[in-house]
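Labels for the chains are A, B, C and D, by order of writing; each one numbers its residues from 1.
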Amino acid sequence: MKTAYEVARTHEAAGRRSWQGRLFTVIFEADTPAGKKFDVSLIAVITVSILAVMLESVETVQIRYGSALRNMEWIITGFFAVEYAMRLSCVERPAAYARSFFGVIDLLAILPSFLSLVFPGSQSLLVIRGLRLLRVMRIFKLAGFLGQANLLLSALTASRRKIMVFLGTVLLLDLIAGSAMYMLEGSEGGFTSIPRSVYWAIVTMTTVGYGDITPVTIPGQMLAAVVMLLGYAILAVPTGIVTAEIVEQIRPSEITTRGCMHCLSEGHAWDARFCRHCGEALASPQRSGEEPEEGAEPAL
Amino acid sequence: MKTAYEVARTHEAAGRRSWQGRLFTVIFEADTPAGKKFDVSLIAVITVSILAVMLESVETVQIRYGSALRNMEWIITGFFAVEYAMRLSCVERPAAYARSFFGVIDLLAILPSFLSLVFPGSQSLLVIRGLRLLRVMRIFKLAGFLGQANLLLSALTASRRKIMVFLGTVLLLDLIAGSAMYMLEGSEGGFTSIPRSVYWAIVTMTTVGYGDITPVTIPGQMLAAVVMLLGYAILAVPTGIVTAEIVEQIRPSEITTRGCMHCLSEGHAWDARFCRHCGEALASPQRSGEEPEEGAEPAL
Amino acid sequence: MKTAYEVARTHEAAGRRSWQGRLFTVIFEADTPAGKKFDVSLIAVITVSILAVMLESVETVQIRYGSALRNMEWIITGFFAVEYAMRLSCVERPAAYARSFFGVIDLLAILPSFLSLVFPGSQSLLVIRGLRLLRVMRIFKLAGFLGQANLLLSALTASRRKIMVFLGTVLLLDLIAGSAMYMLEGSEGGFTSIPRSVYWAIVTMTTVGYGDITPVTIPGQMLAAVVMLLGYAILAVPTGIVTAEIVEQIRPSEITTRGCMHCLSEGHAWDARFCRHCGEALASPQRSGEEPEEGAEPAL
Amino acid sequence: MKTAYEVARTHEAAGRRSWQGRLFTVIFEADTPAGKKFDVSLIAVITVSILAVMLESVETVQIRYGSALRNMEWIITGFFAVEYAMRLSCVERPAAYARSFFGVIDLLAILPSFLSLVFPGSQSLLVIRGLRLLRVMRIFKLAGFLGQANLLLSALTASRRKIMVFLGTVLLLDLIAGSAMYMLEGSEGGFTSIPRSVYWAIVTMTTVGYGDITPVTIPGQMLAAVVMLLGYAILAVPTGIVTAEIVEQIRPSEITTRGCMHCLSEGHAWDARFCRHCGEALASPQRSGEEPEEGAEPAL
């Protein structure tokens, strides 16, 4: 998306009065009234499309409204196809857009319907339509949610490695616990193979606990209790990782906006007397009559 | 409630000696002994009323004590109706009270009983009575719990957007996971439609795990394991959000705005007697006769 | 326990050479080798006693070893009775000990066995024996775990009110959700009464999810999904509360040990130049050659 | 591993040109291209070996590919045996290696296959093979994950005592709750003995909730609701403990020990050029030619 967007931006700067520029403003941007209307109606169509796919899978609905839903399916597919063509036409380098992340998703949102003409039973590919919803994410910027999403995303990105180490450890523990359970329980409680026992260990350690496979012997129940308590205590780890990251992400807001009048650098501590970048004396908050904000380090 | 309360406040200021003023003090306020008694008995009646509704739904109780519970129901409805009339009579602008949040709830607490006279089977509307319990919330101020409730509420309010972004992402993930599961599992394990599979995905990702729908094929169990581990890791996000907010909410209360009259520095600790920067004596909060309440913001 | 202990302490100070003083040192204290041995053997006997009660409830064990376990039961009861008598004899004010928290537990650990002579079927009272384990807590001080337990306890105590507000809100939400579910689902999925539906709501919102009662209709499953997501998001609140408290409990360790040479007060901030209690100039950490500890606020 | 590694290091320093030194570099280290290739192929073989053990336990696979999997098993066992011999040969003190943690695991990875020759049914010992995966942990250093794993490990180690106190308390609560449930419910809902009821209490309090044992009476369901809410609230404690520790682990890395040579103040930010207290120029970390790594402790 980045690439396609930048490409388009250049285009836009070149000649905004062309029909392509105007179309681009409507389809790709959301700052004009027309652009907002387009995005909102896109969300509506995507939502309707997904609801139609979901309803079609319900047998009773399928029998009564099957053909109507299929027709709606084709109309929406047509709409998305036209939209895809328009997107291709109004960007400066269509190939760059087509290869971008959202370009691929836009194409994948159309293909399954055409595929089902060749392979009648390819209903299963309809699930790819769910990816259309990712576009809704992009439109979050309309409501100012983007900042929050970015904050969460950067917290998750920052703890990416820690979470992978954690998940790896959990999987290793589940492998050992599952194998031990296979050995202890036998097939009576449903532990018919090691993969199935490892599946049980994951179900148990994540505290999901379906109950489709449960230990029935005393040693099995004791091991299960250990796995549960382990999962209970271990659940604390990812939470701790992400919480610590979010606390870190939020904390910088406590940093001051005190600036140096000489080198214009910002963010000096409240008890600083000299600029840490150029060494010039800083204006004291007291002398300049400024009250430090609530929650900030008091001035010297 | 705000509106109604302010309206009443004005009224109260105008002439406290009238019978309306005295009634207002008893019904709307909880600072006088009579007002406290009224609130406590209101809690008791609400609790009894809810217990009656709950017991009436149990078949064995219904058969033996059905008529007695119904009579009690009508007595309590009468009590609430009189209370509602009194509330209307003692506020200065009854219309403003009737349209306020608690005014509507007070009315909804009476209506279902009368409605069941016209439509005999409208038992189902009795659930609205549960809203009466929201009044109990208001009475929490009696025990000083209001501050804690407000702290939690403001932490939740501050993270409102983050939690909405999070829940939206979880729903999107559940939609995709549920659709994929519908494709992989088929109807054997209970995945008979996409909505039902999405329901399964929500049950699994929130780690509830009823076990009414469970995967039985190997690929389905592998996908289920991924969904579980994802839910396990993702559970960390809302916790992180709220924890970070609560840490933020608690922290500022520890920072004082106590200032030194000599060097104008701020943020002195509550037990400080002398400015830690210039050594001058600080104005004592004690001398002004106000004892800081435990945990509250003390006066300057 | 506090009272009894203090009473005993006084006694001990009065005349340590008496047999009562020596007995007190062994039974109530754990600082001498004899006292440690006594406490460790007490833990062993309590553990054996609890295991015996647990095993006796297993039918196959009951049939084969029932009489042996019952004999052991009586031997342990005798041991505890003698111990109780000794405790009473060696404290200065036996009545104060008997009324103290651990005095009552010590008595409750003996009574059920004697009660079962009068009422043969009073097996159910054996559960009170579980309280004997609380004495194990007291012995944690042997291993230095007491500080950690106190830290956790003070964090929980500090967030007591917040957790009560939270649990009250959760119960109210469960009441409303359960009633709504009773209305929507009917008896097919197991929602036969409002109390049962509220039980379901608690099972669901706490993410336990037994699966003994599950919604089978579409509207019921939609409401269930909302309850689950709510529980998932709300789970963050108690975690946030306790985490924030523990962070607070740990943080004070960052406070300095800088002392005022004039009034001997401690805990002055690293950038303080004057004692906040007496106004005297503080010795500067730099001048006195002291390096601030890692993690502390740098000196001025 | 520490011991064996240090022993080997000494050896290596003594004469790196010997064939033993070259072999050591390949097998024990991962800094040379050959060493990296060896470690990566070791991970591959371990993964294949575990997959083979898992597949062999699936009945349908066992019937069709049993002999092929058994042959592969023996080939891998041979590979590990040769590897174990090579490890023994290239370290200076083989006995020290054999007694080290990874030395024992390396041996345990070979033994079960030979044992199954003597005792044909010793399939159950195959689970020990799972420990081979622990070697994967060691190779995490290839990807720089080791720092993250250490951070998590030190956070867990630091909260070891708190978590043990917490788990002990949870077990005690589960014992009491399980016994009470045994008393209240009887055998109808599956509470046939105290150990089984305690197992139920653990399943419930950890929010796993299999549903294999569920209360069916009203008092039992009320007690279960209390246990669930308790577990829900208590789940906050380990999370709080670990989160607070991780916050602590992360925080110190942000505080520098950079000092001002003029006024001896410390804790200057990494991008500071001048002392914020006296305005003197600080020694630049850049000038010393070392670029601080992202997230690492930069050199002074």
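Just so we're on the same page, contacts are C-beta pairs under 8 Å (C-beta built on N, C-alpha and C of every residue); 3 or more make two chains touch, one makes a residue touch a chain.
All of these numbers come straight from a predicted model, not from anything done at the bench.
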Duplicate of the A-D contact set - from B-D, A-C or A-B, the pair where over half of the pairs recur: A-B
Where chain B and chain D are represented by their mean Cα positions, the distance between them in whole Å: 42
Between chain C and chain D, centroid-to-centroid distance (C-alpha), Å: 30
Of all residues in chain B, the ones touching two or more other chains: 166, 195, 207-211, 235, 239-241, 243-244, 247, 268, 277
Category of the chain touch graph - line, ring, star, complete, other: complete
Contacting residues of chain B [partner chain A, same complex]: 161-162, 164-166, 169, 172, 175-176, 179-180, 182-183, 192-195, 198, 204, 207-211, 214, 218, 221-222, 224-225, 228-229, 231-233, 235-237, 239-241, 243-244, 247-248, 251-252, 255, 257, 263-268, 277
Footprint of chain A on chain C - complex, ascending: 207-211, 239, 243, 271, 300
Chain A-facing residues of chain D, complex: 50, 53-55, 57-59, 124, 126-127, 130-131, 133-134, 136-137, 140, 144-145, 148-149, 151-152, 155-156, 163, 166-167, 170-171, 195-196, 199, 202-203, 206-212, 235, 238-247, 250, 268-269, 271-281
